Amino acid sequence: KRRGFPEVIYGPGKTTEQIVGIFGRLAAHNPNVLCTRTTAETAEAVRARLVEDGVGVEALEYEPRSGLLSLWREREVRYPGTIAVVSAGTSDLRVAVEAERCATIMGNRVEALADVGVAGLHRLLAVRPTLERARVIVCVAGFEAALPSVVAGLVPCPVIAVPTSTGYGASFGGLSALLGCLTSCAAGVTTVNIDNGFGAAYAATLMNRLGTEDPSR
Amino acid sequence: KRRGFPEVIYGPGKTTEQIVGIFGRLAAHNPNVLCTRTTAETAEAVRARLVEDGVGVEALEYEPRSGLLSLWREREVRYPGTIAVVSAGTSDLRVAVEAERCATIMGNRVEALADVGVAGLHRLLAVRPTLERARVIVCVAGFEAALPSVVAGLVPCPVIAVPTSTGYGASFGGLSALLGCLTSCAAGVTTVNIDNGFGAAYAATLMNRLGTEDPSR
Amino acid sequence: KRRGFPEVIYGPGKTTEQIVGIFGRLAAHNPNVLCTRTTAETAEAVRARLVEDGVGVEALEYEPRSGLLSLWREREVRYPGTIAVVSAGTSDLRVAVEAERCATIMGNRVEALADVGVAGLHRLLAVRPTLERARVIVCVAGFEAALPSVVAGLVPCPVIAVPTSTGYGASFGGLSALLGCLTSCAAGVTTVNIDNGFGAAYAATLMNRLGTEDPSR
Amino acid sequence: KRRGFPEVIYGPGKTTEQIVGIFGRLAAHNPNVLCTRTTAETAEAVRARLVEDGVGVEALEYEPRSGLLSLWREREVRYPGTIAVVSAGTSDLRVAVEAERCATIMGNRVEALADVGVAGLHRLLAVRPTLERARVIVCVAGFEAALPSVVAGLVPCPVIAVPTSTGYGASFGGLSALLGCLTSCAAGVTTVNIDNGFGAAYAATLMNRLGTEDPSR
Amino acid sequence: KRRGFPEVIYGPGKTTEQIVGIFGRLAAHNPNVLCTRTTAETAEAVRARLVEDGVGVEALEYEPRSGLLSLWREREVRYPGTIAVVSAGTSDLRVAVEAERCATIMGNRVEALADVGVAGLHRLLAVRPTLERARVIVCVAGFEAALPSVVAGLVPCPVIAVPTSTGYGASFGGLSALLGCLTSCAAGVTTVNIDNGFGAAYAATLMNRLGTEDPSR
Amino acid sequence: KRRGFPEVIYGPGKTTEQIVGIFGRLAAHNPNVLCTRTTAETAEAVRARLVEDGVGVEALEYEPRSGLLSLWREREVRYPGTIAVVSAGTSDLRVAVEAERCATIMGNRVEALADVGVAGLHRLLAVRPTLERARVIVCVAGFEAALPSVVAGLVPCPVIAVPTSTGYGASFGGLSALLGCLTSCAAGVTTVNIDNGFGAAYAATLMNRLGTEDPSR
Amino acid sequence: KRRGFPEVIYGPGKTTEQIVGIFGRLAAHNPNVLCTRTTAETAEAVRARLVEDGVGVEALEYEPRSGLLSLWREREVRYPGTIAVVSAGTSDLRVAVEAERCATIMGNRVEALADVGVAGLHRLLAVRPTLERARVIVCVAGFEAALPSVVAGLVPCPVIAVPTSTGYGASFGGLSALLGCLTSCAAGVTTVNIDNGFGAAYAATLMNRLGTEDPSR
Amino acid sequence: KRRGFPEVIYGPGKTTEQIVGIFGRLAAHNPNVLCTRTTAETAEAVRARLVEDGVGVEALEYEPRSGLLSLWREREVRYPGTIAVVSAGTSDLRVAVEAERCATIMGNRVEALADVGVAGLHRLLAVRPTLERARVIVCVAGFEAALPSVVAGLVPCPVIAVPTSTGYGASFGGLSALLGCLTSCAAGVTTVNIDNGFGAAYAATLMNRLGTEDPSR
């Protein structure tokens, strides 16, 4: 129904056998398939199964930080704008990478800007031109998650905040970052669940697609 | 900088004198001015001041449920799509109305759909055609806030969830609704702060504007 | 005292030796015995012990998703109605299965309806006739747990909500689902503890039994 | 659709004018009407309106502890069993009375047992015969809400726990009572929202009605 | 200074080497030594060290459920009354045993009453004579921890509530039990930290000792 | 049953009429009556009623900080020890006074030591001899509630901690003080509910009475 | 003992009579006196009392936003550096002003920089020279409190973060701002209680004084 | 920019390879390098790499309790005062050691005072002269974290509180200690994140440096 979107499997809580089965079935009928947050072992098992099924695996890739397994055969850029995926620290990369690759495989042009946390403002200001060019910005940050507030103040486009569970102590598993995003003093920020890079990519894609297929949409 | 956006005053924590002063100053140089969550008394004081200043008050309106005071002189529709503001129950109207009117004054075509909570699914399904026509949907719901999940499953556009503080007991001032929005099982939902109708309208406007001024944006 | 109910052992926090001992003793005097949330290893040890004791093990079954070990020898359906066990997603199955099997072994006719989460409303509406036939519905859902609200709006029977710990981030181990169930905007919903499939089955059985033995009860 | 149920208005967040309007309209077409948690002033305004409309007000009653306003004209007992409404302390009465009267007006035979908190066990044991006769028990308790656990251990029928906001300090507005109900060590207990006497009465009525109209239901 | 009290080591967060060292040193100069929450391995290492040091190990005992390692050489009963340690369920035994044994080794006469949770009131009422004889009662309960309220209503002596982390879901690691103890509707209950059997035994001993050494104390 | 204890009415949530009625009835048959947390107006109404009933009111006293209304006619000291009521700051006095007066009227010798918070250690050390003479210490403190830990380290008697709601911000209505008491690093501390001066006095009385009536008790 | 510090009265929870009494007594022996968070009425009463006592009131001032009443007679600047008090929004001024004036009266040179929230980064960057000149910075911010992280990244001096209760919904009375400060990704930030402008001023003064009286201090 | 500060790597969430790479690069250009919270294995790998690179490893040290890996080649004391690192219990040492060593390597003279919890006040009072000599005090405490309040009451210098996650049950991972520090009744205390020994050392260094390089700073 939603033309061009890959089929997506949510990995956690599924056995390798289940994932291999679902992935195999989806790969038979869809050009692009995603499985989020799975293990290298499961990725290997999927690869074996695809080979067995005679499906080419050149386009199959496992990204270890995010645990994203992707079969990306139809690589057309479908939407006009660019999605910028901005992240604060090294430990946020596992989430930023999930957002970046999911958005790419969903048919977007994506620019990733890592390690631009607000405590080193010069690094953030240095990428300002890229931020200003983006149609949608996905902002990935843990600890106090100040990044979305600063970014949204610099740009005129929608900002999707992804709080991460990066941090310790009073981070309370991402709760502090989440509350920070929700109470952002900058207008134009909306928020997704903690660590939900996929969800941010999905929402960003819906936004990037606006007006491109049906002028009133 | 953000052409066409009204100037906005956040009412709570400001004295009538402060609001009268700021509103008067803004009204002198801007066609449209908004003050959110203020009282009827303050609205009257602003009206008196504008009259005193020789500013016409035909376009000044106070909406009592939301406490929104608006001076709406430039009424051009600026963006191509429609924003649907969907709300679950009567007590959510104060927030839905804030979203609806803010979005309207920001230059959007808006359709308001009230009292379509998920416990009466037939009423929600009856407005499905309107939902499907929308470019962006703002979904306002308190208690368990199941509405954004159901709506996002029915439509292919971005859904902005506004949890409300409507409810009692285990609603914990809107916390339950907020958590419900954030953990929505439907992709495409992003969330703003509890009761933040203005913020949802603002983000929806940024989305509605995409691609309309600059094709890459 | 409660005729027809199996004896039930709560597995967690007991050693294999303890469970083997209790199960063996109960199996000597009761047709049906349940042990919830135990491991395959413990199930094997129980089996060995029953064999040793000369108890037939054809009716002993271990269900790996829920960890339920059941000895089900007396299989009479005791109560007139049907209990529907409805669940939202794949990861909720471990809880739904606990509810379904416990209810079955307690003497109920049970219908299980899986994967009918509210984000895909058509699947839920497709099973509406089954829901409308049920005497009691057990509704199992994680994440934002919107399912009980939607289901209770469709049917005229009691709905027992079982929030699950399925989810991540702002799911907070099932807290969001729990709050969602408790603040459901639909009347007729009551709630049990997070993941408590057994408790839901037990309460549903008490309801299904109403009026069947003693007309005033 | 749900034959025999009164129409119900949730009072909080509605103006007197709104309540008068809705109540008047409902009273024109329904024998029984309920408005929960409203004020004596609003009750008086409703009374005036009904008189004006030529509706008899003998059956209109305002209960000040709960704030329940009821028009109870059709007083038939519709269901076979008895609902017992058991409450712990004096301050829980406002909730117990809401449950008791709502259940009565919904067509149930109701027995109210007040001031039987567990710290005075003899008082609770003294009413045991009444508890054992009930088809459904609604258990209303604040502070630590130990009552549902003790009651459910004494009887073979479904117990609906209503935690109340009665208490101070670590009661946290009813949170402690709520958690106590949800984690009850007694099987057969299900829980509704804090202070939700109406919801408990509604669910109890659905249970009391089981098997009375349609044998499979 | 506090004559007769054993020296106590808190096990968690200490290495085997550290515990062996401290225990050895204490055993050289004190008749009785306690180490709480340690492992069987550490217990073995302590035993080896004591043997090496020529300290007799007949009085050394490791209790696996609680992880309590005790050297109990001076076994005099020092105080006049009896401390009853009452516990609700099987999984609370690990804490009840810690309380029971610590109190015993501190010089008290102790009576342990297990598996007397409030959902089976007859079992609790059956031990009432023992409860009434006690000078101090330690009440150990998880889940909703209703036991202290019921017990304190039956007896005229101080009740020390020990909430446990037994439970799942809305038990939140013992938080629900803790809040239940603190908001007990029964007067005469005081509370210690979750799972703190040792602390309860210590406080109970201070109470049992009152008036025995110095009449004004 | 508990000889010598006054009858106690919990004021909040009761109307003046209810309190006047209950107090009058109790005063007719009991030498001592307490009503906690009531208003000066209610106290006046009780006084009027007692006069009307011909009950002498010389022994009736209203303490405005705590809202305690007491009829104290039988003033015998019943128990051998002294209860020290120690409090940290000026705002804790409302709770300390409730504890002090309740304990006094229950028949204890009481010493009150106010304004001895730990930030001014010299003041606390100055009252050390009084602390060391006490049979039981009630420790009343808000904010971080460090006082019970320091006091319990100085004395060999039971310490009952009463956390108060004194504080702001991260005090969260007494939660921080409560958690501080429960996690006290000093052995011998037990805790009651936030602001529960009455409960502390009651438990302290049970302790002070130990061994005085029945040697084994 | 701490030379040069004014005496400070914490207003909340004290009656006007108490404050008048304490202030009068302190004013008799100290050049400077502070009373935080009091009302205009109390300030008037203090003024009347000082006049009555023959104390000059030229140096008495009441600041209405913060509720600070100050008697500031000895106006010497005692310490070498400047304390910058930076605040994010208009509603934070009540706290910023408390910090600013307390610090001034404690003998510091203070620079106040208001309305420099991170969503308008240019305003913050414009005051960078002042920030870089400061010896200590007090950073006052509500909502998500991103300001301390950004400021601490720009300067080499200690930053004291004061989270405020400014905000609504998921601000939870300042909790989100507090968690944001505590989990700041920038090193060099320490935090005080929500809205604690006085505490920040006090700590900043201790820092400003370092090395000025005793070289090793 | 901040002359003399070592480069610091935050260990958690980085692979051994990443840490080895970063550490190697930093060691090539900086005299001092810190990596916090890493493992002995990673430390060995870093050592091997430095040897390989021809960097001397005499100054490389791994501290197992804190997991701190330090290369400390430039050992000059840079600042005039002494930082005292005071800690409450044995389990707080892992955090105290992180603070102590980080502060030392940053160029401070440091005095460590362990095991001076408030329940044994005499031990704390015994080290009072050292406390009074300090320029800044870092106070490390878990459980109820009463230590900063007591210490700040004894000294005239800034106190940085480091709450630790030491504790169990109602310690809630350090939350109770954190709240205790934030609500300290003693003025002059500021707080850092739970277990954040490094952050405390960093802030203490900024304070110790005040006035030493630039008189106005």
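Things worth noting here:
Per-chain residue numbering starts at 1, and chain names A, B, C, D, E, F, G and H are given in the order in which the chains are listed.
Here is the rule we use: contacts are C-beta pairs under 8 Å (C-beta built on N, C-alpha and C of every residue); 3 or more make two chains touch, one makes a residue touch a chain.
Please read all numbers here as calculations on a predicted model, not as lab measurements.
Looking at the partners of chain C and chain H together, the chains they share are A, E. The chains that touch both chain A and chain F are G, H. Least step count on the touch graph, chain D to chain E: 1. A centroid comparison over C-alpha atoms places E as the chain most distant from chain B.
Two copies of one chain, chain A and chain H, touch each other, and the residues they use overlap weakly: the shared fraction of interface numbers falls below half.
Averaged C-alpha coordinates put the centre of chain B at 51 Å from the centre of chain F. Centre-to-centre spacing of chain A and chain D amounts to 48 Å, using the average Cα coordinate of each chain. Separating the CA-averaged centres of chain D and chain H is a span of 58 Å. Rounded to a whole number, the gap between the C-alpha centres of chain E and chain F is 28 angstrom. Multi-chain contact residues of chain H, defined as those touching 2 or more other chains: 169-171, 175, 178, 182-183, 187, 193. Across the whole structure, chains are in contact as follows: A-B, A-C, A-G, A-H, B-C, B-D, B-G, C-D, C-E, D-E, D-F, E-F, E-H, F-G, F-H, G-H. Taken in their complex, chain E has these residues touching chain D: 88-89, 117-121, 143-146, 149-150, 152-154, 167, 169-172, 175-177, 179-187. Those residues of chain G whose C-beta lies close enough to touch chain F in the complex are 12-14, 163, 165, 173-175, 178, 193-196.
Chain H makes touch with chain G in their complex at residues 1-2, 80-82, 133, 135-136, 156-158, 160, 178, 182-183, 187-193, 198-200, 202-203, 206-208, 210-212, 215-217. The part of chain A that touches chain H in the complex is made up of residues 90-91, 166, 168-171.
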